[in-house]
Each structure stands twice: as structure tokens, then as C-alpha cells.
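Take a look at the structures listed below.
Look at the two complexes coming up: chain A is in both, with chain B in one and chain C in the other.
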Partner chain A sequence: MTEFEWPWQYSFPPFFTLQVNADVRKTQLDAWCALVTSWGKQGGVTQIDVTEASDLAVFKNASIHRALPPDGIQVVLEELVRRGNLEWTDKTKRRGYLLWRSAGEWGTQIYKWAQGSSRINTVCTLYELAHGDETADQEFHNLDGDILLKALRTLEASGKAELMDFGDNQGVKFL
Partner chain B sequence: MDRWFWCDSSLSSGEAVAASAKSIRLYDGDKKTGYEDGHLTLTNQRLLWRHESQSSSLGVATEPANSVKASGSKKIHTGILGIERDIQKKQEAASQNISRAFEDLKNLMGLAKDMVSLSRSISNKIKEHSVSADDTTQFRSYLLSLGIDDPVTREKYGSATQYHHHLAREVARALEEPVQEAGGVMLLSEVYCRINRARGLQLLSPEDVVQACNLMRTLDLPLSLHTFESGVQVVQITGLDQDKVVKDTAQVLACHEGDGMSAGDLARECGVPLLLARERLLQAERCAQAVRDESSEGLRFYPNLFFSRS
Partner chain C sequence: MRRRAGVGAIQRQKIQQDKFKEKGSEIQENQLEQMTLQMEKFREHLEDFAAKHKNEIKKNPQFRKQFQEMCASIGVDPLASGKGFWCEMLGVGDFYYELGVQVVELCVATSHRNGGVLSLDEVLLRLNHRRRPDNQISSDDIVRAVKKLRVLGSGMEVVATGSSQFIYSIPGELSMDHTALLQHAESVVHLTVASAASALGWSQERVSRALDHLLRVGVAWRDDQDRPPSFWFPAFFQQCATAAE
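Our next item is the complex of A and B:
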């Protein structure tokens, strides 16, 4: 895996202080969301635990002795939720799935793949989709099971797929 | 209370007749008394009334006897020693006046007149005697720094608003130049100190200064009061270009892109008070020209690279 290339903001001390000016804060949060999602994508991070977030490399830069304070992390995470890049696992909001693509985007991508490989009206298991040889070159290869399920649910909601339960295994039929 | 008393008609030693009159009657208020057709004598010590038929007189002392004694004893120290003691005594009294004057402001106000006349007499002495040139110029400069010859006082203007109006004009007149020199903005506390220094003895209360500064805007004066969001009050040149101040601050910040600036750094670099430097940075932040960095090292500001770089 190549070294993650930190954006310039990461070594700019004010980046680690929530800005007061509303316009500036918006730009700052844009940069934070872009950083967290691209960092998650690069490092294969799929879940963020709020209590452990301050230990994540993305939220602190030891070389300039700066770290985003907990309330700052909270604001960034809330912003990610608002943009659909983070989904809380439950109502306590202690853990969240990091979606560097939103569930809907994943769904569209999977459906595109299904169309491209003539899998409409056929059934695939979720394991096949995430870990099968045929998806090895796809971005959603090795995608977290829960996120995959969420992506497929969005397809189901728009009538492009149907989820099936085979007891201990789940499958999907593309329509 | 003085009363008439019977006493010896003959004059004591050192007593001299100053004036005398005949056929004088004594009255008790409006009422006539039996003491009529007498001879009245005024000496340097007593007032005597004597009827020709009597040997003793009715007298009233015009001056306490002991003061005569004191003045007599003073006479002993004549010559150089006496003059020296005299001067020393005067100096002591003057220095006592000065230290009493500074005990508190109330006393100072009470003694203001004495102080003024003292300073006048000193300056007159300097004119009369040729004190060394250095001393003279130094003293002149002290007098000059006292500044305003005819300060606006509450007594001169009956109503409080009238007083504050005139005061506002005076402050604007006296401080326009210093404010301009300080970059167009001066803290209210400094305005208070400067105007009181310029007035010398007619000291103003902080409330009066604030009231006067508040009125500046309505009077169309070259200076006006400005309150920052943080509550810090400054007097600034009317129509001071805020954008220009922000731009200047941003320019200074741009030179510190790498390490940022604290309010103290800006104060040192631009030669403005710390409080004002802080306000400038906050103002620049409000205008999205600066961004903050809060850390264990304190609050620092950086140029807004969020906008300029992305």
C-alpha cells in the first residue's frame, strides 16, 4: 500500500482548530470531509469509533503538535453524517460506518457492474459480490458486509434488486 | 466675645495712640446707655473710653496680647540666619501643601487654586532670576505639556449635556493629532489619560470622558467612539477605513504564513497596544482574512490559506 499523501491542510495548524467565521468553517469542514474519506479509502477504514477517534492518525499531526479536539471531531463526524459519508451503527452514535462512497453511490456502481456482466435477473450471494474472483477488479471488492447490505437495500428501494435470505447466507437478484 | 472692662487709663510700654475723639456716647445695640460725653482713644492694643470725671477707663482689647509677644520674639532672629529660617519655613509649608494635595483627588481639587498660584510664582521667579538655562527649558516643557490653557469645566456650563458637548469638542481638538499619529485608533483608556494630562489640574472623571466621546458622533467631529464586539472601546478618526485596517493586518500576517502571529507579535511589529492588536486580528478573522489556531501555545492567527490556497 502506498503512503497516504496528506493534503497541505494537514500541516497547517489552524486546520486543527474549529474556525469561528462561518464561511471559513464551511471551507474547513469541506477539507476535513475530503481528508477523512480519502484517508479511509486509502487505509481501508470502514468504521469509526467515536471514543477512539482521537487516536486515529487522521485527527492528529504529531509533527506540528496539533490534534483536532474531541468536540471538533464530533463536528466533523456530524458533517460526514450530513453528507452521507458516515452512518451511525445505532442510535447511541458511538460507532459509524465510514462510507467514502455513500450507500447510494455503491448501489449504482454494483448495479452498473451487474449490468455490464449480464447478471440482471440472476442471483448472486453477497459473498460472491464482495469476495468473489469476478469482482476482484471492482472498487466494492472486499467491501464491508454491512455497507454492502446497505448499498443493496438502496437498490431494492429503487426496484433494481431484490434481497433474498438463504438462512445463513444472503443473496441478491438484480432486476 | 469682647466686653468692656475697667482698666488703667495710662498706656503700657509699647502702646501708642493711633486716634482719639471727644464727646462719645456708648450704645447697647439701639439703646442709649449712661456712658455719655466721654473721651475715646484708639491705641495699637486697646480701645479706651473715659469720662473726664473718672481716672480709670472702659477698655476693649483690639489684639490678643500674646500675638504681640510672638511678633516680638520673631524679631530676635534677624540677620542671615533669620532669613534662612524664614525661607525654610516657607518651603516646608509649600511641600506640606503639595503632599496634602496628592492625598486624594478631593483635596487636590480643593487646593487646585493654591497649586496654580504656586506654579505661577515659580515661573515668575524663573523669569526674574537667571536660573541655569537647562532648568528653565525643562520647567517650560513641563508647563507646556500641561497643555490646555482654559479647560472646559462643569461650573462654566450649567447643564450636563452642554458641558459634555464642549468637552467632546475639546477632546477632539486636543487629541486629533495624537490619534492620527497612533495609526487612527486610540484606546479609550489612553484617551482618558492623555486628556487629563493635557488639562493638568481640572481633572475629568472617566464617566465624563465616556459621555463626551459618546457625543462625538452626533457633533460631526474628526474623532468618534467605536466599540468592538468584545466591548473594547476606542476613539478613532471618523471615517477610518476599516477595510484598509483589515488589509494591513492581512498583509502583516502574510509575512508569517509559516508560524502565525499572536496578538503580542502583531503589537510588537506594528507598535500598537496589545488589546488593539487582538481586536485587529479578530476583525481580520471576521472578514475571513485570518484563521485561528488554538493550542497549548495560546491563540495564534494565520493568513486564511483555506481561501487563498484552495
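Our next item is the complex of A and C:
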């Protein structure tokens, strides 16, 4: 895997202090959200634990001795939730799924693949989808199981797929 | 005892003076005529020159600058209007207007991160990046283009600092204090209230007031993890100026 290319803001010291000016703060949060999602995508990070977030490389830059304080991290995470790039695993809001693509976007991508490989009206297991040889070149290959399920649920909601339970395994039928 | 001047003498003197005056203005007229003739010739040569080197003027920034200076020395402004010989011949009027529009576009496109302050180096880098290698522009071109925009009341201004220049396109005029503080910031990249106060010879209150304004318009960012808090300016931060758009 290639080294993650940090954006310029990451070496800009005041980036780690939430700005008071509303316009500037919006720009700053845009940059933070873009940074966290692209960093997660590159490193294959699928979940963020709030209590451990301050240890993540993305929230601190040792070379300039700056770290985003906990309340700042909280604001960034809430903003990610607002944009659909983070979903809390439960109501305690202590862990969240990091979706560098929203569930809907993943769903669209999976459906495209299903269309392209003529799998409409056939059944796939979720394991096949995420770890099968046939999806090896797809972006959703090795996608976190929970996120995959969320993505398929969005397809189900729009009538493009049907989820099935085989007891110990789950499958999906594309429509 | 000397004889007092009579009426005749006075009249004689007056005639003499008139003669002198006449001769004087005659000489002046002659000189003016010659000068006009010379200027006319110079203009002609300049026009010939411009026609002959049209392409070079358009493409070579150094050449363009020297040509501009030559024109200015005889009071010809090839940019003065969109019509007339110079513009038709060279299309330089359009050249600077188009450049001006590009500068404005760049200011708008990057204002979310720099608050409307752009170093001239960054403008040059970004605009030349889009241009063909044989069609580059110089900082002189940019300064001219921005000055041309002033007639539109665009509110854009070129501010010179010790080492370089920057363009600001912030709504509302910057006061002398704001400008001075920005000039200082450009050379030091980041500052504290105390460091700026001692560098500029101001009171800390005066620095704080100017800084508050720059924070409000989004030109300055505050770093609370520095003790005492420091203030940074994305426009003068090297990695920001060279970052992809």
C-alpha cells in the first residue's frame, strides 16, 4: 500500500484548533471530513472508537506537536455523522462505522457490478460478495460486513435487491 | 545728476521688451514643433516596432514589460481603451482583461481557504500552470491586469511587501493597520500579538484590534496550542500556496 499523502492542512498548526469564525470553521470541517474519510479509505479503517480516537494518527501530527483536542474530535465526528460518512453502531455513540462512501453509494456500486456480471435474479452470499474471487477487482471487496449489510439494505429499500437468511449465512438476490 | 528717463526712453524700452517676447515665443514654438515632430516619429517607430514584434510582445513576458515601459515614457497606454490602434494591432487590451478575469476567478476559487489574500507568487504559479510553456506570464502582467480591474470597482488591490507582493480581494477596504499587519505576516508566516507589536512598534491593543478584523474576514487562523496563541495565514503558508486546487 502506498504511503498516505497528507493534505497541506495537516501540517498547518491552527488546523488543530477549531476556528471561531463560522465561515472559516466550515472550511476547516470540510477539510477535516475529507481528511478522515480519505485516510480511512487508504488505511482500510472501517470503525472509529470515540475513546481511542485521540490515538489515531489522523487526529495528531507529532512532527508539528499538534493534536486535535477531544472536544474537537467530537465536533468532527458529529459532522461526519451529519454528512453520512459515519454511523454510530448504537445509541451510546461510542463507536461508529466510518463510511468513506455512504451506504447508498456502496449500494449503487454493488448493484452496478451485479448488472455488469449478469447476476440479476440470481442469489449471492454476502461472503461471495465481499470476499469472492469475482469481486477481487471491486472497491467493495473486503468491505466490512456491517457496512455491506447497510449498503444492501439501501438496495432493498429501493426494490433492487432482496436479503435472505440461510441461518448461518446471509445471501442477497438482485432484482 | 542722471537725467530721468523720458517718455521716449520708456517707449523704446517697451518696444525692446516686446521684441524679446516675440523672439522668445518664436523659439519656443520652434522647439515645440520639433518636439512634436520627434514624438510623432518615435510613435511611428514604436508602432512599426509593435507590429513587427507583435508575437513576441504577446508571448514573452520580459519583452512585454519593456514594451510597456517604452510606451509609458511617451505617454501611450496600450491598455487605455479597448479600441484604437494599439488594441487592434496587439490585442493587448484583451490580453490584460482576460488575465484580470483569470485572477478574479482564482481569488474566488481559493477564497474559502485564504480569506481572499493571495501571494503574487501563488497567482503566478497557478496561472502559469494552466498556460502553455511558450505563453507564460510574469508578475508584472498580473499587477497590470489587477490595476486595470480597478476601473470596475472590483475592490482588488495589489499590496507590496518588503520581499514580494500579494493581492487581496476582501470585501470592504483594509485599513492601513490591517495592510501593515498583513505585510508583516507575509514575511514571518506566523506571529503572536507580542511579536507583531514589537516588530511594528505598536501597542498590543493595536495589534489585537487589527488581528480581530483579519480573523473575522477569514484571513487569519488562530492556534491555541501555541503558548501564547499564535496567528497563521493560509495565504502565506507555503504548503497551501502549492497545494492542488
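Everything that follows uses one rule, which is that the second predicted complex is superposed on the first by the 175 of 175 C-alpha atoms of A that agree within 3 Å, B and C clash if a C-alpha of one lies under 4 Å from a C-alpha of the other, contacts with A are read in each partner's own complex, and residues count from 1 in each chain.
Definition applied: a residue touches a chain if its C-beta (ideal position, glycine included) is under 8 Å from a C-beta of that chain, and two chains touch if they have at least 3 such contacts.
Predicted model only: the values in this text are computed from it and were never measured.
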Checklist entry - For the three-chain model obtained by superposing on chain A, do chain B and chain C clash or fit? => result clash
Checklist entry - Taking the superposition as given, does A:20 touch the first partner, chain B, the second, chain C, both, or neither? => result both
Item to check | chain B versus chain C as contact partner of A:11, first or second or both or neither | outcome: second
Next on the checklist: Once chain A of both complexes is superposed, is A:66 in touch with chain B (first), chain C (second), both, or neither?
Outcome noted: both
Next on the checklist: On the A-aligned overlay, A:91 touches which partner chain: chain B = first, chain C = second, or both, or neither?
Outcome noted: neither
Item to check | Touching both chain B and chain C, residues of chain A | outcome: 8-9, 12-14, 16-17, 19-21, 23-24, 27, 65-66
Checklist entry - What does chain A use to touch chain C in their complex? => result 7-9, 11-17, 19-21, 23-24, 27, 65-67
Next on the checklist: Residue numbers of chain C touching chain A in their complex, please.
Outcome noted: 112-113, 115, 190, 215-216, 218, 221-226, 230-232, 234, 237, 239-240, 242-243
Item to check | Residues of chain A defined as touching chain B within the complex | outcome: 8-9, 12-14, 16-17, 19-21, 23-24, 27-28, 31, 65-66
Checklist outcome for this item: chain B contacts chain A in the complex at 260, 285-286, 288, 291-296, 300-302, 304-307, 309-310
